[in-house]
Amino acid sequence: MDDFEPVPDHSTLTLTLDGWEGPLDLLLTLARAQKVDLAQISILALTDQYIAYIDNASSLKLEVAADYLVMAAWLAYLKSCLLLPKDPTIDPSPEELVLRLQLRLQRLDAMREAGARLLGRDRIGRDVFARGSPEGLALVRNVQWKAAAFDLYAAYGRVRARTQPAMHVVAHRSVMTLEHAIARVSALLGAAIDWTTLESFLPATIDPAYRKSALASSFVATLELARQGRLEIEQDKAFDELYVRRVA
Amino acid sequence: MTELERAIEATLFASAEPMTAEEIGVQVGADDVEAVLAGLAERYAGHGVELVTRGGRWHFQTAPDLAHLLRRTRDEPRRLSRAATECLAIIAYHEPTSRGEIEAIRGVQISKGTLDVLMEAGWVRTAGRREGPGRPLLYATTPDFLTHFGLGSRKDLPGIDDLKAAGLLDPLEEAIFELQLESDDEEG
Amino acid sequence: MTELERAIEATLFASAEPMTAEEIGVQVGADDVEAVLAGLAERYAGHGVELVTRGGRWHFQTAPDLAHLLRRTRDEPRRLSRAATECLAIIAYHEPTSRGEIEAIRGVQISKGTLDVLMEAGWVRTAGRREGPGRPLLYATTPDFLTHFGLGSRKDLPGIDDLKAAGLLDPLEEAIFELQLESDDEEG
């Protein structure tokens, strides 16, 4: 298909037809063989050549040949119109059809020639060359990062809020720790040989919250000391006063 | 040589692609570089390297008459099939044109891949659709086509004026399509 | 311009590599091209393009004083991503701090590009390594950071009360913040 002038091979028409780019291509090649201006081409002679070529086909691959046979039929029709006495009722007239066929052949021929002339021009990379190693024009993107102070602080708040486990710390509240209560109760027990209320061990304070904490811690402290066998606990009934006494 | 000439010369030497006068102006920070470009092209006339304009884009290239010196070490550019060459010519001389029109001129269907090859080469692009029956896709050539084939513009297509004068580039009349009668109708 | 000059000019222009005088001679089919090369270089002196020799090899290059024209810069304002903003905030409040610590505080890994962006923006710098296992690289903010965010010093970073008042800390406990402020004090 790369060859611009395929050579017809009459012995194997199937292959030969494959070599043509359609019936028009075949017609054009035959027309050019007449070596006259395509506008002056003898359509009668061309028709005879074309039909003879097709008739010489010993075997036809039908799907390839269909277009060629249609063209042959059309040319045979055109030839008969040209040879028969003029019938003015036929429109378009045979002369008009001849003109159109000539124009078509000229158009294809012109484009074929134009293609060849294009390919023959001074082409870049074949005949003329661009610079071998252009430095290139660099477009340096100077990114200017933007962020507002608020974005920064909001981001920090977001991070902390997202990642820290909720941790609840009781703030501004004095408490008596268990260790402190154990130490206090142990010390006070030395003075209290008899049954004494737990409340009497509590420190004097006006802070009710601290008093509550001291009571709770001291109670746990007495339980711990009782477990250690250092004191005894007594209570008459639920929610009644708690009495403690040192173990002698 | 003026500073502007120097700047334009350097810009076009450095650019990996042909540039329009407008792009060059932006690059060198000047308006109206056309006249300077023309002057620069004149200055290079007769050199081994020339400044040329193709489809409104400027680039430096080696002088065509030195091809024999430079060709030996290089590969031939892609060889186009006959079908692709004819397609390219038909598109260039008729653009924008449809696949149907290309097939009508060649009298044969375009096999798959033919237009692809031309588009891959960067010479042909799609150019919208024609309003009308079937809204066929249209094809046209690219600036790279002009650059590659050394054409200042489509006016420089070989023989285009003569072909036009002879009516060979006129829009195809429907009647001509009927030449092949049934076979074309089937495809249409 | 002589034919030999033209041939050499075109050869060097089209060559992808600098060429020795000998290679050029082979290409253009001439002996003793040195003198011609020198003449050609002189012809180009003062142009936007120069013919130079480096280590015995000749090539064309754009004039060094025009480099700024060939490298156009364009300012592109771009908003800092959410990840980068968080990262920057953590560094600001905890500096100097390591990548590992930032990730621990964010609870999300940071991509390599994030710290790069902050350093490119000029707001974060590396600040040595922490003695200890792995000797992690430390990051801190720069004076530009303070300037950009309108801070006189890092002590001007809003503390807990400010953030809380702004509603930025809703699910956050004060104690955590006190902890953080202590660590700030240590560094201050």
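Chains: A, B and C, in written order; residue numbering restarts at 1 for each.
Everything that follows uses one rule, which is that a residue touches a chain if its C-beta (ideal position, glycine included) is under 8 Å from a C-beta of that chain, and two chains touch if they have at least 3 such contacts.
Remember, predicted model here, so these are calculated numbers, not experimental data.
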| item | value |
| --- | --- |
| Innermost chain, taking as reference the mean of every protein Cα atom displayed | A |
| Farthest chain relative to chain B (centres taken as mean CA coordinates) | C |
| Inter-chain centre distance, chain B versus chain C - centres from mean C-alpha coordinates, in Å | 41 |
| Whole-Å gap separating chain A and chain B, where each centre is the average of the chain's CA atoms | 33 |
| Cα-centroid distance, chain A relative to chain C, in whole angstrom | 29 |
| Contacts with two or more other chains, residues of chain B listed in rising order | 11, 13-14, 27, 60, 62-63, 70 |
| Residues within chain A bordering two or more other chains | 129-131, 135, 137 |
| In the complex with chain C, residue positions of chain A that touch it | 129-133, 135, 137-147, 149, 151-164, 166-169, 171 |
| Interface residues, chain C side, partner chain B - complex | 1, 5-11, 13-14, 27-29, 46-49, 60, 62-63, 66, 69-70, 72 |
| Chain B-touching residues of chain A, taken from the complex the two chains share | 1-4, 21-25, 66-67, 70-71, 74, 92, 97, 100-101, 103-104, 106-108, 110-119, 121-131, 134-137 |
| Touch list for chain C against partner chain A, complex | 10, 13-17, 59-62, 70-80, 82, 84-86, 88-90, 92-93, 105-107, 117, 120-121, 123, 148-151, 157-158, 162-163, 166, 168-177 |
